[in-house]
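Two complexes are shown next, each including chain A; its partner changes from chain B in the first to chain C in the second.
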Partner chain A sequence: RNKTTSGREHDVNNVFFDEANKQVFAVRSGGATGVVVKGPDDKSSVAFRMDDRGEVKCIKFSIGNKILAVQRTLKSVDFINFIPDYPHTEFTQECKTKNASVLGFCWTSWNELVFITDQGIEFYQVLPDKRSLKQLKSQSINVNWYQFCPETAVLLLSTTVQGNVLQPFAFKSGTMSKMSKFEIELPVVPKPAKLSLSERDIAMATIYGQMFVMYLKHHSRTNSPTAEVVLYHLPREGVCKKTHVLKLNTTGKFALNIVDNLVVVHHQSSQTSLIFDIKLKEPDCAVNTHQPVLPARSIHPYRIPLADSSSWSVFQPDIIISASEGYLWYLQVKLPPTVNLLQDKGKLMDFLLRRRECKMVILSVCSQILQGGEKGRLPIVATVFDKLNQVYKEYLEAEQSYTAAVESGPSRGSAAPKRPVRTQAVVDQSDMYTHVLSPFTERKGVSHKFIIAVLMEYIRSLNQFQITVQHFLYELVIKTLVQHGRFYMLHQFLQYHVLSDSKPLACLLLSLESTYAPAHQLSLDMLKRLSTANDEIVEVLLSKQQVLGALRFIRSVGGHDNVSSRKFLDAARQTGDQMLFYTVFRSFQQRNQRLRGSPGFNPGEHCEEHVVHFKQLFGDQALIKPSTV
Partner chain B sequence: MERDMRGRGNPWTPSGLIGQFSLSNNVSSPTLDKETEDAATDNDRSDSGEFVVTMLAKAKLEEQGIGVKGRSSPLLEVGTQETPAFISHRDEDVTAESWRQHRKHVFVLSEAGKPIYSRYGSEEALSSTMGVMMALVSFVQSGDNIIRSEHIVVFLQKGPLVLVCVSSSRQTEQQLRGELLYVYYQIISMLTQASISRIFEHKKNYDLRRLLAGSEKILDGLLNLLDSDPSFLLAAVHCLPLACSLRDSLSQILQKAITPNLVFSILIARNQLLTIVQEKTVIEDARLEPADVHLLLNLIGASSAFQAGEIWTPICLPLFNPDCYFYAYISYLDPPECTVCLLLLSTDKEAFYAVAECKRKIEEAMMAQNSLSLIAKVQSYSVSQVGVSDLRHFMYKPFDVTGCFITYSKMEAPYSSEEEKMRLLDLYRYMHNRIHSTSRPLKLIYHVAERETLLAWVTSKFELYTCFSPLVTKACAITAITKLLRWIKKEEDRMNSLKLVLFPYLS
Partner chain C sequence: MLMISPRMASGMQEKQYTPSLLNFFVYNPTFGQKEGEEEKKILFYHPSDVEKNEKIRNVGLCEAIVQFTRTFCPTKPAKSLHTQKNRQFFFEPEDNFWIVMVVRNPMIEKPNKDGKPPTVEYQEEEIIDTVYGAVVKQCYSMYKLFNGTFGRQMEAGGVELLIQKLEKFFYRYLQTLHLQSCDLLDVFGGISFFPLDKMTYLKIQSFVNRVEESLSLIKYTAFLYNDQLIWSGLEQDDMRILYKYLTTSLFPRHSEPELAGRDSPLRPEVAGNLLHYGRFLTGPTNLKDPEAKFRFPKIFVSTEDGYEELHLIVYKAMSAAACFMISASVELTRDFCEQLDGLVGPQLTLLASDICEQFTVNRRISGPEKEPQFKFIYFNHMNLAEKSTIHMRKTASVCLTSVHPDLMKILGDINCDFARVDEDEEIIVKAMTDYWVVGKKSDQRELYVILNQKNANLIEVNEEVKRLCATQFNNIFFLD
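Let's turn to the complex of A and B:
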């Protein structure tokens, strides 16, 4: 199989790579065959020996390293148990089709695998205890070559003479299902017919959760002057359709990787790579045609300098192996440089929001947008905020419906709700506050008008997506307004409820009273609207000696019968206003009368000194007499 | 100036003799003749037949006991300044800040700029100020100029007199103008309009204080009443609430004690009206105006001279007729407490003895019926009787046939102090002004003030002002008003059964 690459370094004879387990097999032959297996996550490599029974053509562990399969001939595959306590001796399975030669095999689970022969496929279950295989299914079909996508367990067979009719099969726990076949449009139809579609030009990958078959369509002298990558969407059910065309705008040798849902096309001669995002719509192109997101760039080397790329082998989705040098690389996309490569900030944001490690980059883009000149910035800022909040809102909604589903309990017939995953693209208000907005308001040399405009723009955007604005943002607005003495604007914002009510906000307003006196009333109004802060309102009013106001308020909310008379009488007396004391005292006498049928105070209310004080001021006759009402 | 000083100085003669000015030839009291002559020499208006101002020496009255008759006028009572406050007001330093701080100044001056009266401080000290005021009057009159001030300055010109009010109270210009008019009427009540005109026609820079000397107290008293008595605000007379039967019996007593030329018999207790009885034909169509009654009540209330015995004094009722005198017999019926006062008004200046005889009859009849002790027991009602605990005070003026009587509850706690009473009255004045606004009259006002809530209501049947606790709710106040009106209706007999009782003309 071409998945093996021979290397002649040291005494290694052959190196194999298994895409499914991402394991590299180093096979030394001569006498007994020594094998060293190393996966990307393995701390130490696995080494074992086996009898040298011919040259190894293909070697792969089943999922979980349970069973090793080794192909040494065109007719059969050998198996070795790696399950502890199971017999270790090899056993062999010959392909059942007469005169067929095995092109290769693929594990679809820990004990199931499929043989691909030039005449069809054979699906087996390995019975390790019995050291035998049981055929589950087979399908007879002429096969030129095959591709297997371990992630989706889909096998793609090249059939027909030209090889451009592709037949996919899907495997799932003991079953094998035939998917609808499709045809790759060839640039030139050869006459007479001959195999024209090479397996090198076909790759399978999952992009944004969808399976695609990528076809590297080389330029032809007649119609297209440059090469392109054609994407065929391969649904589990239904017809495979050509959906995207990636314009490479150049010719030569290419290789494909998929990283972070981006299609990366390496161009060998220029030693650069192009990045495509199939979700990024090009306004000036047809819907399915894409230009590279960014200008072509070379791969940034990781630790070791990149040598001759001609010896590289590229595996899906994101692996590059240089067998001659003994390296396996994972390809990654570094997002920070994209910030300066993509001028259209809206597009940049769309691009970044779909990436895995995007949060800090997004935040730095936001900060960057707010820097520099203000002219014409606001619409860009608005666009960026809207894009962020769109994603944020989608997450919040998902979270909300998840919570609702959990609360309502498991419903019959539907699966248990899945908690939505919070990706890095969810940039919430505290992210924005901490990394962007707060530092921005503290920056020197920015006009306060622009600062306020930006803050309001963010709030506007949150509102537009019906996201509850958190109070710290309002606080930031208020602090900025106060800092620049924009009290009138502050007042307007509050009066017209641009800044939504909250207790913390009301408290902030209270604290602003010394700088801006009306803030006190604004705060009280806000507390009143909140309707959950009645006690606070009473305390605020009493602290301001507005005893009547406090009484009127508590009565209006129906709490008059429960308040402490002593508290109010204390407050009234403290004002030194006799008239006020009279009013408050009499009102509580009336309350006593109404509640208990007598105007007197209970001993528990501790109002004795106030009764004495009242008599001193107004005389006994001014007390409400028990009989009058 | 020199002349002013002399004119002022005259009454304070060392002997305690106060002297008497008379512009009339026919002074009927022989005992006072000497003094009359004395005063007449000081006066160049001796040819006036109607103008009589009499001064009484209290010492003399005491010598003679009661029964001083003649044209004695308590208006010019001096030497019995029982209220120290008045003295201090007269002696105030007009340059002091405290003088400027007064809530309401009232000045009266002649067209020539001569000072006649000042509420605070002496007129002499203010003569230059008065000159400035006169200048202001002419300035404002010529060309539509206005005076801007942190105070309200109101000018009122009535004939040759200019009255000025400088107020820092919340009263409106209109209300202040009304008060100045009262001051003017009080002066008229002492001098008549006709004689004032005549005096100034004859001599433009006449010093009217000569004729008013000693009467400052009455004007002071009037201004104090204007500040403190709500009945002026509502242009109505306050009656003592009295059981219907008692009031009827009092009216009957007055009705029976009549004599020719007696036109009004008025019984007053504690500065409130008990009853009025009036002569049938002479003033059949004319009614005693509340303002005239106020002047009479003020006259009696402001002077302690009447407590000494019987007084016979000419008095003009300016709204009834500003140019002629009635002759008033004034005597308290319950010395030495002096709470119940009888006022008999005759058109005959010689009728003293006949009228005094009426008083004797009245006294006898009241004695027989034990009326005095019944009156003594009568109390103004407390608002707590209504039984609405949020209600603090009310004033009620029915628009019935008699038209101009008012009743109000006692000013009780928390309106016990003078400041609080004044404050409440100020609020009532504010409400009155709002509800009777000429540009936008209202029927009902619910006014939440800082320390109380007020509700004023004017209908075709009554005018009502109420003061509630500031914590009252609108619904509660409305309920309370309904309850109050029901209560008033029930008590109306007792409170407002004052009817005009007429007696037949006796020739």
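Let's turn to the complex of A and C:
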């Protein structure tokens, strides 16, 4: 069974690996059988003893370590309860098909499993309390070998004499459904017919959420000179189709892993691995034919130096076991070195954006592009920004429709909305600001022209994807322009509303007035357009001693009745212009008359000192007297 | 220029003469101070065929007037001298260098009976000082754009070089002065900006930045569409005069060859290049010509510490024009021009059609172009933006206005009033011809509106202008 691997270290007799639970079983026999089980996440191993009732062929826990199944003969499988308070004694299930031998078994849930025999499959439910099994379903079919994908609970059977017709079955809580069978194209059709498709050359994997059957097609003298991996897309419903061909460009012994949705092909003789991304389109190849994304590289050792790889066993999706050395590795993709291996930055971004741990690498690529002095960088910068913002926008939209769905409440019939997952590929404006743009603008020796060009390119890209640009980016643009005295540029950007209106931006502009006079006008225009900043406009005008202007403005927007008279009178008095003070004072008296039927100021308005001042200047008679009815 | 006046007098035609250029001269009173060497003061004199002594007399008179009036106000020398027949404008752009322009007042010639010579009536109040004062300043700015300062030429080649340069420049330039059509717009010297949505604007930014990055010789870029400015890498004052040159001189001289017929001699290059419509407006007309010269006009723009000399490359595709400015110390080669053509041509063609599309979409959204009920001129001193519904499209020869010169004169007068005070103001005038003319000044902006509402009263006119501001200028802060 390929599910197990044996080593002869010390007194360990056999080592088994279960792909479903990712557990390693070390089985020692002699007298009673001692078993030690260890999973990758387990802090301590589980150890127990079983009666020695023959050599163990296959041993696996059900999901959650509830029931242990052990195959010792070709006819039956033995079970031991590991549920507390349940009888611990073994019970046995023989296969029901006559004269059939059990090739193996796979757990599909905590208490359901399927026997694979050379004549078909038998689907059982274990009843641990009764220490018996109940057959749920069976199917008779000639089986050469089988593969099981625990992730999707799909079982793949090799049938026919040549073995190249594959029959998948899907399992789901007590049900077993037959999927449509398909044929693997063999490089040579043997005559007379004999088993020609080895289970070693087939692997199942989930890539980008889709199930695939991978076929390692060795080179043949007549056909292709080098080996390739052929991917068959296996949908839950519908027909399985050949969809991708990965060109290995070499021959020899290979093994496959899937890491982070990448197909990794290990080549034994060269001790290197190739990486394929089925989503990367090759412009100069026929559709769905892929070349390796990167040049072949060896696996970087983790903690211990890598010894002889010929004794390795490779398991799906991403496990490599060296039984002789007693190691189990998870294969990982290290992204940082890819940055220098992939010259086409657009392609690199496409590649990185689909990886799990990509954010920091992406940000470092951005910084890297902005360094260096070669020409023609801006188009690359633009491409990279567009790719980032495409993903960013998709996330924002998903988030938006989620919020909308939540707000509109649960609708009948449809499932509760799922909050979109924010993957690392979502690089937002503050990521860019903190890690790329802000350090870039502060770097010495970069021409301000290039800095501004990059910032504008980022803003252009955001706009192109209709993403609202955040204030801190505008601030960065303005800061850079002001630092280099490029006020006229700033003016033009504002004129075309490249820097969108906001109160903070208007305030920032106001603060620039002393260095660049037109900023005042730009700021007032912006406040006007915001139409929610009338108070601010009044403040600005009053601070400029444009008291009449402020008064006229507030009247034109209909806010005259609510403004503080004291504020205006203070400003009018400060100008030292007596006529202005008179005009403003009278204007508020008239307002009071209109609002309250009396020209006097309310005590709450705190205008007493101004009334006194008015009397001093113009005499009592000048005051409007309360009209006598 | 002769204009037939609409006024008819008892069957006999009156002839009306518009203002015209009498003299234009440049002098420096510190030259030729010895008796008998007065001619040396004169650096340029138009018309050149004037007798030497008259030239000396006229220059001497100006010198005397300036000198005399200086005693009254040393800080503000005289700007103009009004006489019955003409008006003189004085301008001292650089220390001791004076430019004087003498304009003959407009006049009406009334024929007399019995074969008597016609009576000439000079309309000495028709000319506005600020308008022609601005024209003189513009003359100098234009000279400076292409030659640098007077002082620079003096340093480079002495007075001989200066005289030579002045002669070369003004001989042609003065022919293009159309004094009869000078008006308020000359005072403003504004720039018309092309209205554009943010996204298209950003695309243009991106284009400019990319070109400047890959052709790093380029120091500054300006981008125009339909003779209106979209982007200037030059500082405002330099752009102002360059814009004037482009829109009143260079562009009108190169009418669209794309619009010309296929067999027209105007489209020699386009036929050979199907990839794009780009072509050089300055420099080589045909890149493929083995004899082609790669010489471009040189311009002078200000820098933090003086001036720099630049090659001016104007490259156009359809209605989009890009001006690239490169340090004059670099020699431009065929190689460079081909590189520029190959890089800019296709991109600019694409951008031009993008802008055109955007423009027509916007027009469609805003509805069929309504003939505005108002005629107005808007100017913003801060960004030099001007907008006029009074002026027709400028052509090489004249600037046509759609209103009567009398109304234009009122606009000029209001402008003078505005210039006198700093405060925001509003002036409403009822013209003789039943038109209402309204001038508004708010902060740095000026707006002039001409309303044709015969029976409207002041309040209605005021309301009407408020409405105009609310519709046309709602995105700026414009005090009512």
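Basically, the second predicted complex is superposed on the first by the 615 of 629 C-alpha atoms of A that agree within 3 Å, B and C clash if a C-alpha of one lies under 4 Å from a C-alpha of the other, contacts with A are read in each partner's own complex, and residues count from 1 in each chain.
In the analysis below, a contact is a pair of C-beta atoms (placed from the backbone, for glycine too) under 8 Å apart; a residue touches a chain by one contact, two chains touch by 3 or more.
Since we're looking at a predicted model, the values are computed, not measured.
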Point to revise | Partner chain in contact with A:619 - chain B first, chain C second, else both or neither | key: first
Review point. Which partner does A:583 contact after superposing on A: first (chain B), second (chain C), both, neither?
Key: first
Review point. Just chain B (first), just chain C (second), both, or neither: which does A:459 touch?
Key: second
Exercise for review: Check the residue A:551 against both partner chains and state whether it touches chain B (first), chain C (second), both, or neither.
Suggested key: first
**Study point:** First (chain B), second (chain C), both or neither touched by A:398
**Key:** neither
Review point. A:450 contacts which: chain B (first), chain C (second), both, neither?
Key: second
Practice item. Using the superposition described at the top, determine whether chain B or chain C touches more residues of chain A. Key: C
Review point. Which chain A residues contact chain B in one complex and chain C in the other?
Key: 552
Point to revise | chain A partner contacts - residues on chain B that touch it in the complex | key: 384, 387, 389-390, 412-414, 416, 420, 451-452, 469-471, 473
Check your understanding: Which chain C residues qualify as touching chain A in the complex?
Key -> 193, 196, 198-199, 201-203, 205-206, 209-210, 212-214, 216, 230-233, 235-236, 380, 382-383, 385, 424, 443-445, 475-477, 479-480
Review point. Can you list the residues on chain A that touch chain C in the complex?
Key: 375-379, 382, 449-450, 452-453, 456-457, 459-460, 463-464, 488-489, 491-492, 495-498, 517-518, 520-522, 524-525, 527-529, 537, 546, 549, 552-553, 556
**Study point:** Footprint of chain B on chain A - complex, ascending
**Key:** 548, 551-552, 555, 577-580, 582-583, 586-587, 589-590, 593, 617-619, 621-622, 624-625, 628-629
